[in-house]
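One chain, subunit A, links the two complexes that follow: it is found with subunit B in the first and with subunit C in the second.
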Partner chain A sequence: MSEDYEVEFIDRDERDARFVVRDITPAFANGIRRAIVSDVPTLSIDTVRVIENSSVMFDEQISLRLGLVPLTTPDDYDVGETATLALDVEGPDTAYSGDLVSADDRVEPADDNIPIIDLKYPEGADSPQRLEIEAEAVMDHGKSHAKHQGGVAVGYRHLQRIEVVGDAADWEDEPNILRGVIEDDGELVPTESFDHDLSKRYPGKEVEVHDVPNAFVFSIESDGSLPVSDLVLNAVDSLADRADELEQAVQL
Partner chain B sequence: MVPVRCFTCGKVVGEHWEEFKTRTREGDDDPEQVLDELGVERHCCRRMLVSHKDLVDVVAPYQ
Partner chain C sequence: MSYKCSRCKRDVELDEYGGVRCPYCGHRVLLKERSRDIKEIDVH
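Presenting the complex of A and B:
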């Protein structure tokens, strides 16, 4: 199966994108969404060796926080492969995600100023609080733990079309709110451009909103571990792999 | 400490905490505007920052 699908971008940057895909079924659109959320593996800290932790938080709490820090994921890692990171911070200071030092310089925290723990130098203590750890980041799927999800707030909705059906009655001056993307003469118009209010775009008109069949507007946000484009491509590849697997499995 | 991610949607909100704190708690900017500028759009993520209180300083003496 190698059909081509028409994809048109509305917004696009590294972490946020909105695009229209045409000629796919609702089931396939949902398949893509689910693959993005649960089937694209990313690196995330999974095992922590605590060398010293005299902070106010328990080792487990610190480990959980480290696990949630998104790490940039190079494309040559396989599921189960690991990368080593280390962190060593002494008070009075705050340990940030950016203080993590990685053995592989392509694996680094996607955001540098996530506070991990505030370290103090308590009055009367002989030494400052200190956090020294070594951590193993592992490549795994979103379905095994939410920290491995590359996509945050992944969703889709129908592309919509506005039909003017007549003039609005004189007493109707209420806003007519629609959020999403509409298609007007083959042009894609995000509803932000008219403040999500159809009565501003079609003043004095009565309108009906129709879904464009089999056209979906995806809005995808990445946590920074993968750029949105890689996230979507990997998800679609994983769907293709599953389809192949199924084909193999049911062959006589 | 501030949660790293939003409990509901999983967006990383921890990285915005210090800027949010300095501008709204120590400065006098309008929290609504600060959150908009930081790109924290959804109300699930906004409540993470709005309702947070740092307790490390309170607990520290009892360690």
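Presenting the complex of A and C:
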């Protein structure tokens, strides 16, 4: 295996990305996937102090919902470090993740529109329902709890190439569905561009689909706590650190 | 332990002799008041 890997982006966004990595083994590709899911630490609410909760949901249910709100994670936080957030909403209103106020401006909900609880002003009640909490978000890994997973949809599949083997028979007009990315004359073509139907890209042709050896298309979606690029780089760094650790241990 | 009568909404203190009954209106449905203590919950 070579030291440098060839990486080519197909789609690139803050929240999701798709790229091809060549000259890696399936085991290494899976190592990257697993590192993205479980080895990149992110901030998530871990302790909730309920000051007032006159809503219809138990404190524990609301706390679990708060724990699953993705929070933006600054670079300089280490594992175990905390950030304090607060929420104070009175009915009739819906408490959203965007109502969380943070002591650190850089730590905020990645999405503002996640509903926490619908608060009412019940008929005949003296006062409206109210939720007031303080919460501590802690930096931890995805392997300790799923709420710390920065990558929510992380997968890979082989890059594929198409070989035209002849002409299709006249009566064969069935769609030939393929999902992913194909390599055609050195060019990467997402299958969305031809509606995932090979018979549209190669009309009247009989084709065979082959995996390109040691080339993988990664598809990664972040929950917003980290940009996809940071997620991948941090995952690869963690793999390198673990490899160094193993090397040191073996030498002893 | 502090309760509130569900009918007359008055605060009611329960003792072991009086039974579960509002001393003001006699209603038997009492709602337990939430403690004013701050409750800490670990989200695991």
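Keep this in mind: the second predicted complex is superposed on the first by the 249 of 252 C-alpha atoms of A that agree within 3 Å, B and C clash if a C-alpha of one lies under 4 Å from a C-alpha of the other, contacts with A are read in each partner's own complex, and residues count from 1 in each chain.
In this text, a residue touches a chain if its C-beta (ideal position, glycine included) is under 8 Å from a C-beta of that chain, and two chains touch if they have at least 3 such contacts.
Since the model is a prediction, treat every value here as computed from it, not as a measurement.
Participant: Just checking: does A:Asp118 make contact with subunit B only, subunit C only, both, or neither of them? Give me first, second, both or neither.
Facilitator: It touches subunit B, and subunit C stays clear.
Participant: For A:Glu221, is the partner it touches subunit B (first), subunit C (second), both, or none of the two (neither)?
Facilitator: first
Participant: So, A:Val236: does it touch subunit B (first), subunit C (second), both, or neither?
Facilitator: neither
Participant: Is A:Ile45 contacted by the first partner subunit B, the second partner subunit C, both or neither?
Facilitator: In the superposition, A:Ile45 contacts subunit C only.
Participant: I'd like to know which partner A:Met57 touches here: subunit B for first, subunit C for second, both or neither.
Facilitator: A:Met57: touches subunit B, not subunit C.
Participant: Of the partners subunit B and subunit C, which touch A:Asp126 in the superposed model: first, second, both, neither?
Facilitator: Only subunit C; A:Asp126 stays clear of subunit B.
Participant: Thinking of the overlay built on chain A, is A:Ile10 touched by subunit B (first), by subunit C (second), by both, or by neither?
Facilitator: The answer is neither, since A:Ile10 touches no partner chain.
Participant: Once the shared chain is lined up, is A:Leu178 touching subunit B (first), subunit C (second), both, or neither of them?
Facilitator: neither
Participant: I want to verify the contact counts: of subunit B and subunit C, which reaches more residues of subunit A?
Facilitator: B
Participant: Output the subunit A positions appearing in both contact lists, the one against subunit B and the one against subunit C.
Facilitator: Residues 54, which sit in both footprints.
Participant: Note which residues of subunit A are touching subunit C in the complex, please.
Facilitator: Its residues touching subunit C are 44-51, 53-54, 59-60, 63-64, 66-67, 126, 145, 147.
Participant: Can you check the complex and tell me which residues of subunit B touch subunit A?
Facilitator: So the residues of subunit B touching subunit A come out as 1-2, 4-5, 9-12, 14-15, 17-18, 42, 54, 56-57, 59-61, 63.
Participant: Inside the complex, what are the residues of subunit C that reach subunit A?
Facilitator: 9, 34, 38-44
Participant: Spell out the part of subunit A that touches subunit B in their complex, as residue ranges.
Facilitator: 54, 56-57, 65, 68-70, 97, 110-118, 120, 122, 129, 146, 149, 152-153, 221, 223-224
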